[in-house]
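Mind having a look at this structure? Questions to follow.
Should a chain be cited, it is by its letter among A, B, C, D, E and F, assigned in written order, with residues numbered from 1 in that chain.
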Amino acid sequence: MPIDIHLLTPITTRGLRDTAPFQALLGDDIHLSHSLLDRGPASIESEFDAAMAVPDIVAKAISAERAGAAAIVIDCMSDPGLRAAREMVGIPVLGPAETAMHVAAMLGHRFSLLTVMDRGRPGKENMARLNGLDHRLAGVEAINIPVLSIEGARDEVTAALVAAARRTVERDRADTIILCCTGFSGLGVAVEAGLRDAGYPVPVIEPVPTTLLMAAALVRAGLAHSKRAYPTPPLKPMIGYDFLDASGRLPA
Amino acid sequence: MPIDIHLLTPITTRGLRDTAPFQALLGDDIHLSHSLLDRGPASIESEFDAAMAVPDIVAKAISAERAGAAAIVIDCMSDPGLRAAREMVGIPVLGPAETAMHVAAMLGHRFSLLTVMDRGRPGKENMARLNGLDHRLAGVEAINIPVLSIEGARDEVTAALVAAARRTVERDRADTIILCCTGFSGLGVAVEAGLRDAGYPVPVIEPVPTTLLMAAALVRAGLAHSKRAYPTPPLKPMIGYDFLDASGRLPA
Amino acid sequence: MPIDIHLLTPITTRGLRDTAPFQALLGDDIHLSHSLLDRGPASIESEFDAAMAVPDIVAKAISAERAGAAAIVIDCMSDPGLRAAREMVGIPVLGPAETAMHVAAMLGHRFSLLTVMDRGRPGKENMARLNGLDHRLAGVEAINIPVLSIEGARDEVTAALVAAARRTVERDRADTIILCCTGFSGLGVAVEAGLRDAGYPVPVIEPVPTTLLMAAALVRAGLAHSKRAYPTPPLKPMIGYDFLDASGRLPA
Amino acid sequence: MPIDIHLLTPITTRGLRDTAPFQALLGDDIHLSHSLLDRGPASIESEFDAAMAVPDIVAKAISAERAGAAAIVIDCMSDPGLRAAREMVGIPVLGPAETAMHVAAMLGHRFSLLTVMDRGRPGKENMARLNGLDHRLAGVEAINIPVLSIEGARDEVTAALVAAARRTVERDRADTIILCCTGFSGLGVAVEAGLRDAGYPVPVIEPVPTTLLMAAALVRAGLAHSKRAYPTPPLKPMIGYDFLDASGRLPA
Amino acid sequence: MPIDIHLLTPITTRGLRDTAPFQALLGDDIHLSHSLLDRGPASIESEFDAAMAVPDIVAKAISAERAGAAAIVIDCMSDPGLRAAREMVGIPVLGPAETAMHVAAMLGHRFSLLTVMDRGRPGKENMARLNGLDHRLAGVEAINIPVLSIEGARDEVTAALVAAARRTVERDRADTIILCCTGFSGLGVAVEAGLRDAGYPVPVIEPVPTTLLMAAALVRAGLAHSKRAYPTPPLKPMIGYDFLDASGRLPA
Amino acid sequence: MPIDIHLLTPITTRGLRDTAPFQALLGDDIHLSHSLLDRGPASIESEFDAAMAVPDIVAKAISAERAGAAAIVIDCMSDPGLRAAREMVGIPVLGPAETAMHVAAMLGHRFSLLTVMDRGRPGKENMARLNGLDHRLAGVEAINIPVLSIEGARDEVTAALVAAARRTVERDRADTIILCCTGFSGLGVAVEAGLRDAGYPVPVIEPVPTTLLMAAALVRAGLAHSKRAYPTPPLKPMIGYDFLDASGRLPA
């Protein structure tokens, strides 16, 4: 019976995420399940957006665990709700930003993030610092193409990513690159080729598929989060969330 | 006209918080307004509880700013929603944990937190690290008296706090103490006296009144949060929060 | 009865410091007292100058406490004598550099200092590191206008400060600014406006008035320095300081 | 065709390492190849032992890559030769200590290592610091049973490991455990059960199988080490290593 | 012509410091000159004492340089006036605490300080942090024998030092010891022997002679402090120091 | 009888190292002995080269100690084999990179390394971090002249070093320079003069002679490495190293 890895896309916008390439990557032994939010933001571009997503992220994480998922990956580079979800379920919950940073630290000496807008930089720097990887973070480089324009402009986006990657490799001495936006999905190979053509042998990490594979590896290793670090919260009344019952529990 | 400082208690339980002592402390020049949540947890004891409080914290922060508040203090030692609220309003938003740690760093060399339960320790250590104060955090010491029992057991709680403070002063070389629970409100003087009787001249910080005073000082200094560090989020559809309109905006 | 906050200007040059704007800012509840040194340097531009100021800073701090001051602010961005004065008095002693850095850390993500000359940079970096704020210090930017020329060139200095602030905001990603020289007093509003006109919503901290307000807040909160961190020194003969008696004590 | 992951056991002692359980864990899609050293130490208990193993580790890594391996795991908790091997091959080379520390940082808040002897502690602390994880390292706890006695004393070793794990969980607040010796192989489940019986829900990481799974995940993600961080060395004469030809190259 | 190394004992108490053993250690090629203060404290036990010593430390440093000294060592474990003296002279100025910490970091993995009283601990921790060696500082252990009693109680002090060293070796895993008080002079060999008898092969650093030797090594290497890091201060009026002329200069 | 300091040049290429200037610097009281490797790389330009040098470095260190050396300096800026050699001998073993960084930290505020090629940068940054000096490392600046061309191009190399030093002084605010290549030997005075001519009073450290002098100072101070930090390894079979006997011991 295949292992079920659950990809939790923490927005309410339908139709943006195609999971077929991930399923192909994971192979036959792993089944990829998927959910979107019923309540929350259309997209995540701020700490506020992320915060508004968390209540339903936790609900969806509980549902996924009940449905038999062996691990959960939150499909957003802000890693929203990572700690709250870890408290509420027993299976591993991974965030692509945290995971990609640890992987980058194992692959090279200094990594940079390529992103859409500069405004997420303090959040990313805080995340690196919490994980002890601030001395490995070479830079955060924005391509300044509006998110909604990314879909229809793959060539332009790829060129912008290669240019941004070169800038941070040359100026910040980055030797490893993380593609830090869901919209860049599938462009890793092209960016890596673009860097290689410029003389830079630099790996380019696509965080979501990498994190799905890491989640499957943890499941096979029999590992989950420490419930001593993320203890289950006591139940209590939780007003205003109609998907919870009076004691704050998600109905079965 | 007095300055309006808004105390935002991020739980739905009525009647626990008496703001009269804070108003007396702030004096006539400052008016203390107060709100509780309409949607959220009965109390905050976990990352999950904190996350469930944030959507209405942000709503109440927006309302307070519209009603003329000059600054907001979030009345919880987890500082829930601090960054999201800073994005959504232009007035200063302070958390008592972050503020008390910075004040403690100015008053002494190493500070310890006295708390109710040990489970909040990773969150507090992360907060210290993000603020660069991890090398100043001497310890986190729990008194292990259930929160609901605190109200009716002031003497017992005071004795437990003095004992816990002595432990961390002697074992961890703490020289400054932070009372890290709303339930300890008003006990600072007694704990400080207990330590002095034991030969330890150690200041004891009550975070909420200290933070209210700091907020008033910032207002008088004409200072607010950097909107470059906490930029206003773009508006977007936000499903499932009936207090927001279709564009994600709080109705006037 | 108003609280007495004492501003201790640690130089011997008369007439430079006008305390009237600070008194206006502090309001009727707070009385601002003021002293200059009788022994020490004409101005402070080096570690040597700062060291030569400290003996009389401590004497003036003891005198201020005896005269009824509730707190002391040392009026120099090198924070000279901060630790020695904290040992010798029981009331809070604050330095504007240390205080402004902690305030900046609460208002934004990364702060820069604007200063007159580049030579103070190692001292400022050491101060940030001791306070755990080195990862928040974006830069130190000098305007290179001689101190003695500042008084008569307010427009030129303001323009230079706005230009320096823009440089560090754009190049170092500073989102909060600290005016790091007494000579810049009163220019904060103009620098903040200049940055806003350039599209940067960045708070500008004037350290001395901000620190006076923080000192008043600490007094109202009933807080003082930890005498366990700054214990009173044992008395002993102290040769060559005629303002001390034979046992090293300041005569009453 | 299955992926070939190569386990490189960096000692010359035959017969100690049974790879069958690892092959079972990896499944049919992955083929586990294995090598021991022809030149080097009988076991690794010091920096000297580790250094004497490195020349043949690099030779075996080159041979494994030539034979078609997709990734290499060095089978020793000192991670000997990690950087030198990464320079000399293009496929991923992982060390179990570095990998287990990053995994532990993702699973909990603070991890401890259980080891045989105390003398390896500085090396482990240095490794944690280089990876930015020193603030996550709760402790290093030795069981003080001679390595050669471990094989025939599984029950005694398990009991000692459970006791050591409890000590570091209780005293150092570890919430995640890493079994830091090849001799502890297969005991993770029993140690985790022993901790659970004592009331501590703490994951126990067996580094070698976990690292084999991580290596397979990296291969599937198309990732390898950054050759910009680990550039291929220039060829040059290398005297005294008869397995290299005159130009320092390993003969085909 | 022998090199002149100047030992500057920053107190006014005559007769305590016997330099003969240091001269013997330095050999014929080095001449040890010596000075005490004319103005300053009888001994240094606080930040205040240290601050009161600095003006005359700088004066004596200038005099020593004028008299032909090739380097200066400040004979106190608080390193008072180190930075101010470096600004005012061109020859190397070393402090025994800073130097001993760097030497300890080269000799072992973690070092502890043995001292007389616990009150100096924050100052020592700050010094370690400024030099980046806080992660190497295992502990500060006080023997609690009054300074004035040390002279007449060598056997008792030695026994107390061995006991304190054992405590920090066993409890804090120190592997290198620094004797952090002038009064312990000459006891290093006995403490090292006491530790060896207890099974601990741990070097014991006597900071002052070690720093004198390091100063001589710097002189022979042709090295002095960076005047870019410690630039010469501008001259200015300095009131109340009768040993300076009207422009703040030490008369020739 | 003079002290014997042993310079261990860890390459097999004869004739490159002239020790006469070092002997002159050390004076009559110190005798400089010297060895090269019999087995190992022709030069050290990578982690692989360094690793291949270590087995014979340890052998030569043991031989030097047996021959009466009082201390050993490894003559390479990668400090290869430092920890392994410290385990195997009882006399001090110093590396010029580690030593020069600690000396630079005592002479200035921020230091930069001048090197030949950029590829050694991660190794140097790791070394600085292990020693706690990463916050003092301003930069690593390569001159990009092939090593083999350095010998015959002293003027060109000097000019390139002065230019590189100016770049890092101006751009990175370095105030202390370390010449980080054996090929730059003897050029320190010229580089220091070049910087002084450009207005920068910056000391330039030549690591090898400085480290030889530091080693002599340690010997005179009676100090050696902590055998508790670097314990002697247990003897064991070591296959493939014909200079060791069957028990892994170097024959007498």
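Some notes on this structure:
The criterion applied here is as follows: contacts are C-beta pairs under 8 Å (C-beta built on N, C-alpha and C of every residue); 3 or more make two chains touch, one makes a residue touch a chain.
Note that the coordinates shown come from a computational prediction; the quantities given were computed from them, not determined experimentally.
Both chain C and chain E are touched by B, F.
Common neighbours of chain A and chain D, listed by label, are B, F. Between chain B and chain D, the least number of touching-chain steps is 1.
Once the centre of each chain is set as its mean CA position, chain A and chain B turn out to be 30 Å apart. Rounded to a whole number, the gap between the C-alpha centres of chain D and chain E is 44 angstrom. Measuring from the averaged C-alpha position of chain C to that of chain D gives a distance of 53 Å. Looking at chain C, residues 109-110, 122, 129, 134-135, 175, 229-230 sit in touch with two or more other chains. Across the assembly, chains come into contact as A-B, A-C, A-D, A-F, B-C, B-D, B-E, C-E, C-F, D-E, D-F, E-F.
Listing the residues of chain E that touch chain F in their complex gives 25, 27, 29, 92, 94, 98-99, 102-103, 105-110, 131-136, 169, 175-176, 188-189, 200-203, 205-206, 209-210, 213-214, 216-218, 220-230. Within the complex, the chain F residues that touch chain A are 121-122, 125, 129, 134. For chain A in complex with chain F, the residues that touch the partner chain are 109-110, 135, 173, 175. Of all residues in chain E, only 12, 37-43, 45-52, 54-56, 58, 81, 83-84, 87-88, 119, 122-123, 126, 129-130, 229-231, 233-234, 236-241, 248 touch chain C in the complex they form.
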